[in-house]
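Presented below are the structures under discussion, each in the form of structure tokens.
After this come two complexes, each holding chain A, first together with chain B and then together with chain C.
This part shows the complex of A and B:
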């Protein structure tokens, strides 16, 4: 079932001088099996939006439907939200700060164990997840505090993957990673997406949207400005939404201006571009 | 996370918000004295206490502290109030003779009930007063105020600036750490941790999953802060000017006199009552208060002289 937002408002610290309206009437749909990117400026409500997805925040007004769960202010039973969190895994920004166990494998196993799974089964899942994120086997018994920042991030992501969620929500998981680490993690999400997991990806980086997204949601000041597919978004002038033009598109534009004939619809990644250029030069 | 908002600075623009932090500290101490001073009879205690309660409640309204918050702060006191009542009932205060009622073989004296009511009243008023101070004064102003009171102690090598700096850094990081707590709680909730329900062992584990990351990030932050302060050449011994200067306005003078008069009034009242029974006895605390008064005036004069120079 798709995720549905119906006219969602969210206000922080209501009735105090710290009152802050983060979401102002958001309606959107996130389709099953999609790789949906949410883009927008800092403070436009992206992070608030994703916290509605697993019931960490309950809308001040309006409603959110995730699978069979109906989240609304009137209807809050915490027991159900607990189960919802197994279906929607959220990886927060700077997720490396959530590690606390003595060993890496225990930390990854922590999530599933909270949902009542047995330790032996969980360890097996934990090892699998650590393998998917590319943590070598001799790390499993190490303390999560003695590895590098990028590795910590991967362990934290494995901790959410271990819940085996149907929907994976990621809040800038690549911030602060080196280019190789970024590519590795993005390809991992792409693979998960192909295996059927719905991915909701919050980012600033328009290049990621260009390369990976199947759906795009553009936000500005607590409102959804645009919900569309990347092909349509990048056919227009993206700068009107105060977004940057992706590097690949810039290159294509420059090459086309010089008279090279390229099929834009086929180009999504750097490899595609190289192939197209080779084709055009024949 | 709602209960931690207690005693937090709330930016309104009331009369009390605009008061000088130094003056507010003085007023707090003076009003505390007025609240805690004792009288020989319960009648006077409750009349004066009631009057103070009305006065302090008016202050609360002026300073926009929400009444809901006060009730929240009192909720913590319930256990204490009951304990106090029990102790006073089983160990009645000296000279108790008016029996209110009997419970089996235990006599409950009026004095015991009054005594506990008196303590409860004082406690509530004390909490309300401190809440007014913290809700209306920016933490930084508060520390500047404290530093001002401590400056003369520099003569005896007391590290006034360092102490003030330490306090202001600690205060500065309270909201940051609260945000951090909120963030980690959300991250762990997403991993299925339930902070509010569940068995004791599960909840202990939940707290561990919160505290360890919190401590680690706090240590990291403090290290980064120390480095960045050093990188910008911070030297606690250096002489410095201040961007933010506390100003003593006419309103401050007015409230200073009002609260001072209120305090003196309660002291005189209590002293007068004493002297009816004993022969001219000056309570020891009034001596201390006179010393504090002289001290404040002296510090004020020194400060004014230094600013002129």
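This part shows the complex of A and C:
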């Protein structure tokens, strides 16, 4: 089932001087099996939005439907939220706040344990997930607080992968990863997506949107200003949404301005672009 | 003049593995230096050693001509500003305003000048509207902006940015860079050490240091360091877009002579 937001408002610290309306009537659909990227300026409400997806924040008004779960202020049941959180895994913007166990392997094992799996099975999954994100074996017994920033990010991602959620929500998961790790993790999400996992991905890196997204949601000041597919977004002038032009698109634009004929529909990566250039020069 | 001299710096958290393993480099006054390297290569550890948060090996760090030791630590710290990888580790004030003010008080800035300085730097990072908010209740990018403003306001001689703009939107990133460039114009002695995974940023600085497993495997001007692309691949760092593009073109038999800019490459391709 797709995810549906119906006229969602969210206000932080209501009835205090710090009151802040972060979502102002958001309606949107995230399709099952999509790789949906959410973009928009600093403070536009991306993190607030994605925290509604697993009931971490409950809309001040309006409603969110995720699979068979209906999230609405007057209808919040803890039991249901617990089940929802097994289906929707969220990796937060700051990985530190996701880590709390004494060892890295326990940290990754925590989620599945919490959902009733046996300790030995869980550890096996934990080790697999740690391997997947590039954390070496001699780290498993280390404290998750005594590692580098990018390593923490990897452990946090492993912790959510271990839940094998149907929907994977990632809030700037590549911030802090080294470029090789970034490429590797992105390809991993892509593979999961191809196997059926819905990916919701918050990012400021427009190049990621270009290469990986199937759908894009553009936000501005607590509102959704555009929901579309990358092909359509990048055919327009994206600067009107305060976005940058992806490097590949920029190169395509320059080449076309000089008269090169390119089949843009075939270009998703730098490799594709180079192939098309070679074609065009024949 | 050399602001920082690092000589055979060694550090271990567990007294077994050296996570910083014989690192030497110096920072000339006024230079903008980028440090890049894979996750866990030792970048943040070096930053913490430079400001004396971790204890460096004996006689391995000189800052502003002084040996970094317990006696000189106060004097050295008062001239270095650091923006940490996680901005939450930075905040001390209960509001954004207090937070920036706290740093100024530490530097003994007279009270009557404070408001003006706070307003100026909040404006530069576009956080003026948030001065009375609590730092912990800001968005990720807003936190980074506040952390940066707090350090810039202190007017240090050396600023260390540890992935300080990793969560900013592209416009925010550009504005921070413009602010820093402007400050460097006003004060030609202001030096920057920027730890970053953003290769486009690294390649727009004066010098790039490439770190791998606690060792420096490359240190040069951006235009020279690419002559040895092997070190990037080995150290978990990718090549910048332009170089990747030229390499891929060469693999299909298209050799680019002048890869100075994307525009030049395109010109050659369309000849």
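Operating definition for what follows: the second predicted complex is superposed on the first by the 269 of 282 C-alpha atoms of A that agree within 3 Å, B and C clash if a C-alpha of one lies under 4 Å from a C-alpha of the other, contacts with A are read in each partner's own complex, and residues count from 1 in each chain.
We adopt the following convention: contacts are C-beta pairs under 8 Å (C-beta built on N, C-alpha and C of every residue); 3 or more make two chains touch, one makes a residue touch a chain.
Small disclaimer: the values here were computed from a predicted structure and weren't measured.
**Q** For the combined arrangement obtained by superposing on chain A, do chain B and chain C clash, or do they fit?
**A** When both complexes are placed onto chain A, chain B and chain C end up clashing with one another.
**Q** Please indicate which partner A:16 is in contact with in the superposed arrangement: first for chain B, second for chain C, both, or neither.
**A** A:16 contacts chain B only, not chain C.
**Q** Looking at the overlay, does A:145 come into contact with chain B only (first), chain C only (second), both, or neither?
**A** Once the two structures are laid over each other on A, A:145 reaches chain B alone.
**Q** After lining up the shared chain so the two structures overlap, which partner does A:25 touch, if you call chain B first and chain C second: first, second, both or neither?
**A** neither
**Q** Any idea whether chain B or chain C touches more of chain A?
**A** Of chain B and chain C, more residues of chain A lie in contact with C.
**Q** Which partner chains sit in contact with A:33 here, chain B, chain C, both or neither? Use first/second/both/neither.
**A** Touch partners of A:33: none, neither chain B nor chain C.
**Q** Could you look at A:115 and tell me whether it touches chain B, chain C, both or neither (first, second, both, neither)?
**A** first
**Q** Within the complex, which stretch of chain C touches chain A?
**A** 13, 37-40, 43-44, 85-86, 88, 133-134, 137-142, 145, 163, 166-172, 197, 199, 236-238, 241, 244-245, 248-249, 251-254, 262-263, 266-267, 269-270
**Q** Of all residues in chain A, which touch chain B in the complex?
**A** 16-17, 51, 54, 56, 78, 82, 85-86, 89-90, 92, 95, 97-100, 110-112, 114-115, 145, 159-160, 163
**Q** Going by the contact rule set out above, which residues of chain B touch chain A in the complex?
**A** 5, 10-12, 183-184, 186-194, 196-197, 208-209, 212-213, 216-217
**Q** What residues on chain A touch chain C, complex-wise?
**A** 12-13, 18, 20, 40-43, 47, 93-94, 96, 146-151, 153-154, 171-172, 175-183, 204, 206, 242-244, 247, 250-251, 254-255, 258-260, 270-271, 273-275, 277-278, 281
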